[in-house]
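What follows are several structures.
Shared between the two complexes below is chain A, which has chain B as its partner in the first and chain C in the second.
After this line comes the complex of A and B, so read on.
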């Protein structure tokens, strides 16, 4: 029983980090119908930025979050202008290839800058944990969960209570209609992409305090993030959060009950099973796909 | 003077064909004899390029023809290599090259398993699945230690042939496999099988309604795409004499294969090969000069991005388009030609509807379909008498198109029965229904845009058999029938035009001809008169009458009341997902329920009479 509760606690905390990282991926897909295969690479980039700020300036990862988010926002905007803008409206496989190309370039570039060895940010709270009777709660994970709640809450407020948010939602529901009522869809798309990448600033910063990382780990992250958004329903923010928590708990359970090798396979199995049995995910709705194309 | 005539001679299609053949021949000779080269590293590059080319040529079948992008094609090289390596280490007395066919078959079977997945997922979902599939295969190779020896990998025996043979056996084996792969690709393109695949790429839902059994087609395509790749993989593993999970299932290999296909030109025969012979030397250069790793990632990632932005169609199609543009400069296209419906009186004026047989062709009983909480079709029942032109009318959102989708099989009902000639069909696939004689058109036309008009009309399949897959795509008797149908709808002048280039009204006529190719008993027309000009509406009415006189039954959805009243009998009126009234046009126009739900109170004041000529009202397409 204790081990079950412990698994649940750890799983939900990991899930909070996953939710933070997946929210940008699902937002970008929802608005632009672009599957950003570079999302994992952006997350690792944010982790490396945090690492540099910590090692060279002694900045605590939590304090560096605003800086990293700002930098990631700028990088997201730049990548949109340089690449994504040109493939929007192209066939979906073309946009997938473009973002895959970006992921490869980022992986190589990070290897040049930071090297291909495993890196980690070690802070005072990295190995600390709180105990509650027989249970324990790792401190870094607790802080991460709080930050995830903060950033996702902010994103929710932005989407639902600001003009920008309404413009983003309008563009995601009906691009043509949004254009007609005066929403500059191109700017909204750039903004969405940049916001989606910026949320990774927070995610990557906290990732660096919990997991070791190197440029090549982005594959593992993108697989996990894709599993999450596919499970929750591509394009749905609440779905992504739910999916993240499910995958987080599932991975912890797999580690505990099946063995350490299994969590690696969990995302891939989830992706295949979900896309075959319920392609729209838990919270997604099937688009009307019929004669009225 | 001579330069001009020289240039124009170069543009001559026959001359171009000759030049192309010459180039292919020279390239083939150079590749076959390449091991004569003294440079061992160049020999190595060509062998790797051959492996890549076979992988790309296979991927071309599913990505180029069928339209499914896969990031896991490299996995089949790895699977082939592993099958070869496992067998070679278990049976040391057998020459490892002999295991190639088995490796190919195993790869093909696993690829078909992946193909099964496409039954449920398309587009972006499928790409994601392929990535997951690749990593899952790698996971199995790592964890299934008793068979694969885990991360340590398997070491194969060294070649047992005499030294002077050098790389020749590897090289020739791969050349033969590439030749077989290209022959298969060429054969597929010119058969019904290939035509079906292209129809699936252009519009999979539509392909089903014209009788293309998409799951079987895709399954075979996936098998074909991996067969020779698996064989090449086993040769490749033997050549390296070592296989391990990290090297064999790297996503970079799959990326290089995709790059080759896109760079050379997907959907072309030689494009993927050309792409592979460009990409592989770049790959080796990056490895030798920059020590591989990061530089290689940046180069290929950057190349992928640039390619997608600057040359999305690839080298061969872009070159062909340029040549075509130069050639057709100054000639007048067909696009401006007027379509004159009065050229030829189509239906004889005395086209009388056939005598009613009294039998029911189609019956719908208690049909239900809801989307979430929205009951689009709610206990809908009606019949279509054999030999009739039955109309289904009703306000927007009353469920007409959903009923059509349920009848044609694009959707399956939640409850209820659909009977064609007394046979229950509501659980059948769209293609089985097409084979049983149901043809349909769409509210917004859905032709295969990249095919020519003639190919569009030839594409429908009246039945399914394995033998049929191998028949020529556009064979004599079928082509003749298709031309006849195009003549019938008045579109024969456009037979070689790209369907996507036609106007909306013209597309409607071609779509009708396409459906007729099925020889359907029942044709469902979704707003045949919507969004087209008055003369064309008249022509459409004539066509329907002429076909009906020959015995074809029609069920049509239409908002143009004068058109409906002049053409149809009986009429079924749909509102909120159920039939609220039915009967002859006269009865319907007076029915208070119909006036209330659809036509409106002032309808009677301007009601068209059946005896006078049909006044044609231009209406907005719904």
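After this line comes the complex of A and C, so read on.
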């Protein structure tokens, strides 16, 4: 029983990190219908920025989150203007190729700037835990869960209680209608992409305190993040959170009860099962093009 | 008509000349240069070791050229990045042989990459000295050009350590052990070899599992080992997985008295940066190299490496340097590299002095020696076993306490 509860604690905490990282991916898809394969590379970029602030300025990774988010917002906007804007209305395969290209460019740039060696951020709380009787709660993961709640909560408030959020949701629901009522869809799209990348900045910052990373590790992250948003329902923020928690607990349980080789298979099994049984994901809604004619 | 014939002749001669110049361009840039080719994982999962090995190769090239070169020729090395993928490693070696027309080869880093890469060398009848190819699978294929330039294959890597644990007094000896290992041709056999010896000594296996190279989160693995009550952890690790494991053990408050990791702790300062010096304290590893060992050219190598890179050479750099020393010893003894079968025959019959110590080989190219056992103590990587070559007589438990 203790083992099961411990597995749940660890799984939910890892799931919180996944949710923080996946929220931007699902937001970008929801509004722009762009599957951003560069999302994992942006996460590693945020981790390297955090590492640089920590090593060169002694800035704690938690305190560096606003700085990293601001920089990632600017990078997101720039990438949108330079690349995404030109392929946004194109077939989905074009956006997949374009964002994959961005991921490769980012990987090369990170290797050039920071090198292709394993990097880690270590602070007083990165390897410490709180004890709860026979159970333990890793501090860095607990902090990550709190930050995930703050950032995702902020995103929820932004989307639901601000004019900008309403514009984003309007563009997401009906682009033509949004244009008719005066929403600048192009600006909203740029803003959405930048916000999606900025929220990932917080995820990347916390990732750096939990796992070592190097430029090439973005492939592993994008595979997992795609599985999460597919499970939750592409474009659904609550779905991404739910999907992240399910994958997190699933990976931990698979390691504990099936073997250490299984967690890698969990995201891919999830994608296969979801595509067969519920293509729109747990909380996703069927799009018009899904409907049977 | 005569004009046309002359024109055809000129065109023909020009074509032949172009073809000939093309052949020259594809050949060695300069036949007076000894060109060595290698593929290494400079990016991807094994890039840490790949970059260190590259530095070892390049340090050797620099020192060799200053010393007059190889059989009187200056040495040039071409290193290609295989991005830690087997297909690219194979493609790189094919290109090095067919397009770059290198004279000699040095191996890649890790058994995972060297197993397919060495088949290319064997097919082309070229000597292949690899600095990191400890898997027994390397030497079970009947190849005759492959040589591993460390002291022992993976299945014997933890042998000295395991025998030492098995011979501890019963009150000091752990009763249970966990064996997590990377799913890799090198890491698995290293752990299997240790388990065989320790099980025979009555140390019960309470956890054993393999994880893929992409595994990032070790919390659950640690949770399982902790639940199983393992008093000792013997991990078959590369680099990042070893760091992740130690960090996860700290998070879980899991403190086995003995921790052995096959490769990760040998990455020097990078390992200390990854886990923290206090968490490295007492971690055992199988070591092929010590920077303070009095072996052939080691003092010069360490000095040059520190000048070039500002840090003490980690094990993979020394392994790379030693592989090049082995290659050079064979070439110098034979007097040329035209007949590479002769180079292989010479290595099978002789002992080569390297920065790792003396190396010699079986007929299948596997080494005949035994690994050293290293341990982090006070931020310094010491050799603790065998006792006759130890750099300290103190042996610690993990995170402190003398055994």
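Just so we're on the same page, the second predicted complex is superposed on the first by the 288 of 293 C-alpha atoms of A that agree within 3 Å, B and C clash if a C-alpha of one lies under 4 Å from a C-alpha of the other, contacts with A are read in each partner's own complex, and residues count from 1 in each chain.
The definition used in the following text is that a residue touches a chain if its C-beta (ideal position, glycine included) is under 8 Å from a C-beta of that chain, and two chains touch if they have at least 3 such contacts.
What you see is a predicted model, and the numbers here were worked out from it, not measured in a lab.
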Q) So, A:234: does it touch chain B (first), chain C (second), both, or neither? A) first
Q: Using the superposition on chain A described above, determine whether A:116 touches chain B (first), chain C (second), both, or neither.
A: both
Q. When both complexes are superposed, which of chain B and chain C contacts more residues belonging to chain A?
A. B
Q: Please indicate which partner A:57 is in contact with in the superposed arrangement: first for chain B, second for chain C, both, or neither.
A: neither
Q: Using the touch definition from the top, say if A:103 reaches chain B (first), chain C (second), both or neither.
A: first
Q. Thinking of the overlay built on chain A, is A:126 touched by chain B (first), by chain C (second), by both, or by neither?
A. second
Q. Between chain B (first) and chain C (second), which, if any, makes contact with A:261: first, second, both or neither?
A. both
**Q.** chain B versus chain C as contact partner of A:269, first or second or both or neither
**A.** first
Q | On chain A, the residue positions that both chain B and chain C contact, one per complex | A | 111, 116, 215, 261, 264
Q) Which chain A residues qualify as touching chain B in the complex? A) 29, 33, 35, 37, 83, 86-87, 90, 92-98, 100-109, 111-112, 116, 215, 219, 222-223, 226-227, 230, 234, 261, 264-265, 267-269, 271-272, 275-277, 279, 285, 288-293
Q: Could you pull out which chain C residues touch chain A in their complex?
A: 42-45, 47-48, 51, 83-84, 180, 183, 209-212, 214-217, 219-221, 223-224, 227, 239-240, 243-244, 247, 250-253, 270, 273-274, 276, 279
**Q.** chain C contact footprint on chain A (complex, rising order)
**A.** 3, 6-7, 10, 14, 111, 115-118, 120, 122, 126-129, 131, 136, 138, 140, 211-212, 214-217, 220, 251-252, 255-256, 259-261, 263-264
Q: Write out the stretch or stretches of chain B touching chain A in their complex.
A: 63, 69, 71, 117, 119-121, 123-129, 131-133, 135-136, 139, 142-143, 205, 251-252, 255, 258, 262, 293-305, 307-309, 312, 371-372, 401-402, 404-405, 410-411, 442-444, 446, 526
